[in-house]
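Two complexes follow with chain A in common, the first pairing it with chain B and the second with chain C.
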Partner chain A sequence: MAGLAGLVGLVGLVLVGPALAPNDPSEIRFSQRLIEPGAVFPLGTDHLGRCVLSRLLHGLQVTPVAAVTVVALSAGIGSAIGLAAGYTGGWLDRLAMRITDGILIFPAVAMAMVVASLIGIGLTGTIVSLAVVHWAEYARLVRTMILAERAKPYELAARALGAGPIRILVIHLLPNILSAVVVLATVSLAWAILSFSGLSFLGLGAEPGAAEWGRMIADGRTHMRTHPHLVIVPGLAIALFVLAVNLLGDVSASRQGYASPRAKRPPSRKSRKKE
Partner chain B sequence: MGRLGSVFLVCLALVGPVGPARATDADTLTVATMWEALPLSMTARRSRFFNESEILDTLVKLDFEMNLIPGLATKWEQTGPTDWVFSLREGVRFHDGSRLDAQAVKASFERLLALLPFAPAQLDIAGIDVLAPLSVRIRTNEPFAGLPNQLTDAFTGVYGQASFDATGAFVQPVGTGPYRFVSYDKQDRTVVERFDGYWGPPPTIRRVVFRSIPDHNTRTLALEAGEVDMAVNILPSDAVRLTSVPGIEVHRQPTAGLYYAVFNTRDDSPLGDVRVRRALNVIIDRADLVQYGLDGVGLPAWQFFSPVFDWVPETLPRYAVDLTEAARLLTDAGYTRSSSNWTKDGQPLTLRLLSYASRTEMQPITEAVSAMLRAAGIQVDIDLHTWGGMLTRVKQGDFDAYVVFWTPEMTGHPDLHLTPHFHSAQNLLYNGYVNGMLDDLLVKGRGLPLGTERQETYRRALTLIHEDAPIAPLVHKVAVSASSDRVEGYRIHPSGFFYNFKEVRLAAVPAD
Partner chain C sequence: MVIALSRRLLHAALLLLALSVFSFSLLHLLPGDFAELLLIEQMDGDLPDQATLDRFKATHGFDQPLWQQYSIWLERALLGNLGLSFRTEDPVAEELTLRLAATAQLAAAGLAIGVLLGAGLGVAAAVRPGSLVDHAAMGLAVVGMALPNFWVGLLAILFFSVTLGWLPVAGYGHLANLVLPAVVIGTSLAGVIARLVRACLLEEFGADYVRTANAKGASRSRVIWRHAVPNALVPMVALIGLQVCKLFDGVVVVETVFAWPGIGRLLVESVLGRDFPVIQGCVLLIGGISVLTALVADCLVMAIDPRIRGAV
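Up next, the complex of A and B:
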């Protein structure tokens, strides 16, 4: 129940956050730059006179939404590849898993930086580049679980009753592994938020001027010593949001029967031996 | 900053350096730089480190008023339209003990012309002749009156034979300067030491350590923590703050550097129309730009060359903010103002503005410029890249405008910047700008000695650039460095690429 309440709370925050903004987040007011927190600008203004609180609230719909998109894309693509590889086996499996290995050995953010610089800087480019490196974890997980499930009698029963491979995969196998995918998704949501903000901080994520938290930290650095709240406030926002998402991941993991959110590798040893 | 500020400072104190990290060595100066020194490459930053550190000497040098003064050459004269004779200083030795003579100078120039891809075009040298043991003649392909100025550029430093291996490849810098190269630790530090056989007055500082600290905040913190004696390229906001920090001295100096916007003059850009380019030039308020984009550290640039250099003709036309004039120019160009935007054929006037993020000032400047344009009814899409990424797009013509920084006048001669950037045959601006009359003036100016004719030629050339508006000059850079108060006698050189540490002294630090 706590998990559900938390989820509703977070989604609610993302949905209504921008509506609570007291000012236009991107309006530049040169004459009111670097104002200390006060009545009109509750968290002050940045070096271009933009309202920090409004940017923070509008940022709720940038990073978290982008992170959800990254996770949805990765989970979708990764699961599809994992399903196909795990169920078909043979050369397709070997090929898919070698590619997965190849992607997994690279530090994800470093690789996303390379992809982002090839595709171009911007929201879409960064979402795609993070998804490009992140699908592999899902493919690995789903493929391993499919190997385990495939060996169970109900799969044989379904096959004996004349079910085709698509039907077996979607109706019989997928529901049995979905909980693990959901757990991985909640856990990796926090990763996606951090990576996205990190790339934005490095200048590869959200467009300049966008009300994105990582970008706000990067922009605030030029006045960090005189106006530290420009860096601290978005930093805290990222930290708190990631903490909330992680707790949510913990709750969903324990509800699904996984001890810790690090349950990216469910009992895979045994199933691999059978290969 | 209040409570948040104190929390932050406590955090800083917790992560700050522990123990005696103070740079108190009596005869060692530690300098924190933004760009890494890279002493093992000739091409890095066009050899500037060799000039900054004075490992190498150039034949001609610039004083602090940007006048030519003798370097390794004690005098020089033009003996023909393309011939220059340089008399070399007597008794100069390289760091390896070998003598500097005409043969060594000739060999050095031949090496650098072979090894530096941009050198042949910059120097235009046809040949070098040894006339006497201490006399060389340099012949240029075309008449080039700016040659002595060009020979102040860092990349023309004179290398000793020992700088190169048997195959002629560069190994390490061996020069004639007051400091000799000692060691280099990648991405950490470069150490130079006083050369006792230096031809000039010996420096008082024995050892200079150049620490590479690319992050602005870290560099300034290192200075405040006493870890380094000096930090160069200080953030504008810190330049203001540090003036009230005890024990720290802030140095400011207007330099030749210019921030400017380059306009795409091709027909497929809205800026292909000169009236739109001029309109932009009178919309952007440079004084506000300095104030709000750079915290007041900079000089508004209403023309291309900074007027602090006295050779810039005073009668040059200059831009001024004039929104009525901008509206007239845009109306002439076929735009109408509907609601808040200028539109033409139903399309809003939209500009794609590129810049790069690796230089910290570029983003605030670009954002401030675009805010001014938006306020005047022109839509702007900002697109920030790495330097390389931006350059790729610029070379493809994929831009309406881009904001860059360049040091146009570091040799004190107008040609160095004007010809490569505005002559249509070179067009390093990649903006498709062609003006035959300007080309002729630039070629003519290149051949003219200092005097009224040269002054008039460059006045006409700069006036043409002003009228055609292929660029919008934005801000003349004011360089900022900060040092601990034990550093005495330091001045920032207006070329921006010279520290002159040989004249700096370190005051004794009381033991504590």
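Up next, the complex of A and C:
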């Protein structure tokens, strides 16, 4: 229940956040640049006189939404490939696993930057690039889970009753591995938020002027000595959001019994040799 | 052993080949005619006419089949000729060599801090699960993994350089410059490693052989260091190896924050400036290092655990 309440709280925050903003997040007021926190601007203004709190709240619908898109794209593509590879087996499986093995050893964010240089370094291009380097995690997990599930008697029973491969995959196997995919999704959501805001900080991702947390830090950097809160506050927003997602992931993982797979009885020598 | 090792080497070679194809195709996957793009770049933005374009293609071999262009490109790349940068017109290979030295310093220092700190915290946490040390170490790891490292870098500059004045804000060349970026990379790595080490050790502590060793009266430190740690080393080395392959992600950001003249900053500059010859070079270098790191980690695992030698 705590997990569900937390999830509802986070989603609610993302949906309602911008409505709570006291000012227009992109209105430029040159006469009111770099104001200290006060009554009109609770967190002060940035170097263009924009209200920091309003930008922060509107940012709730930039990075988290971009990160959810990255996760949805990579989970969709990766799961489809993992399902196909795990269920068909043979050369397709071997090829898919060689490719995922290859992708997984490269530094993901650096490779995403390279892909983004091809397809565009804006918002869409960066989201797609992060998905391009990230799907392999899902493919690998889903493939392993499918291998374990298809060996169970219910798969044989479904096949004996005449169910086709698509039906077995979608109706019988998929629901049984979905909880594991959800646990991975919370982990990769945290990764996607950190990566996306990092790329925005570097100048990719969110467009210039967008109320994005990473970009706010990049903008505030030049005035860091005199107005440190311009850097501190957006960073805190990122950190708290990621922390919330991580805690949510821990809760859902422990509820589904994935929290401490290693704390279970260790495998016997015999089964370990086979690995 | 020999078979397993040679299979692993073959995989690494195939991966390097795939990497070179990806790097080569970067230019050719660009929307539009890349020869025209190159020419526009060389003519400082003027649009070339068709005759000039054809002559340019013929002299540089861009009218040949793709596989032939690839083999020529690969041959040159292997000989150390990676073309000229669009922006500075310096040889890419020279630039990469210069930058690699800076990145290697930073990565090595960060890695040393990360592994020592992470392993220390992980062992301390695993030895007394549920204790204050355990909770503190794991809490630090969780918080550490939630902090964006570019932000931590800026905060470190604010606190240690601006407020306290202990260390230089940014720059390169002195040992004092290295401290902050290396610590930022190291601490972000340490959180992950501490969790991995703790999990691997706890698994071994539950094993039958640890109970046997305890029952035979082996001392606590002997059980930990002579029995459990060597067994936990296998998954630890494999998992830490994978983290080291990903180390570069942090390096990119931290180099930018601290104005460190390394490969990461070069990659950011060249991506933002659409400097494709430099991006190609970065891909080859970064990818190649990752492939080699993974290979070394696998060889280490084989060296540690004789059971795996036949199976990799």
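Just so we're on the same page, the second predicted complex is superposed on the first by the 259 of 275 C-alpha atoms of A that agree within 3 Å, B and C clash if a C-alpha of one lies under 4 Å from a C-alpha of the other, contacts with A are read in each partner's own complex, and residues count from 1 in each chain.
The working rule: contacts are C-beta pairs under 8 Å (C-beta built on N, C-alpha and C of every residue); 3 or more make two chains touch, one makes a residue touch a chain.
Bear in mind the structure is a predicted one, so any value in this text is a computation, not a measurement.
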item	value
Fit or clash between chain C and chain B when superposed on chain A	clash
Partner chain in contact with A:Leu10 - chain B first, chain C second, else both or neither	neither
Touched partner set for A:Val181, first chain B, second chain C, both or neither	neither
First, second, both or neither for A:Ala190, with chain B first and chain C second	second
Partner chain in contact with A:Ser117 - chain B first, chain C second, else both or neither	both
Which superposed partner A:Phe106 touches (first chain B, second chain C, both, neither)	second
Chain B versus chain C, judged by how many residues of chain A each one touches	C
Chain B versus chain C as contact partner of A:Leu243, first or second or both or neither	second
Partner chain(s) touched by A:Ala72 [first = chain B, second = chain C, both, neither]	neither
First, second, both or neither for A:His227, with chain B first and chain C second	first
Which superposed partner A:Leu92 touches (first chain B, second chain C, both, neither)	neither
Residues of chain A at both interfaces, chain B in one complex, chain C in the other	117, 121, 203, 221, 224-225, 228, 232
Residues on chain A engaged by chain B in the complex (per definition of touch)	28, 30, 33, 36-37, 47-49, 117, 121, 203, 207-209, 219, 221-229, 232
Residues of chain B that touch chain A when the two form their complex	1-2, 4-5, 7-8, 216-217, 220, 235-238, 240-241, 288, 291-292, 357, 360, 363-364, 366-368, 370-371, 382-386, 389
Sites on chain C touched by chain A in the complex	11, 14-15, 18, 26, 29-30, 142-143, 145-151, 154-155, 157-158, 162, 199-200, 202-204, 206-208, 242, 245-249, 252-253, 256, 264, 267-268, 270-272, 274, 276, 279, 282-283, 286-287, 290-291, 293-294, 307, 311
Parts of chain A lying in touch with chain C, wherever the complex brings them together	98, 101-102, 104-111, 113-114, 116-118, 121, 190, 194-195, 197-198, 201-204, 214, 217, 221, 224-225, 228, 231-232, 235, 238-240, 242-243, 246, 260, 262-263, 265-266, 272-273, 275
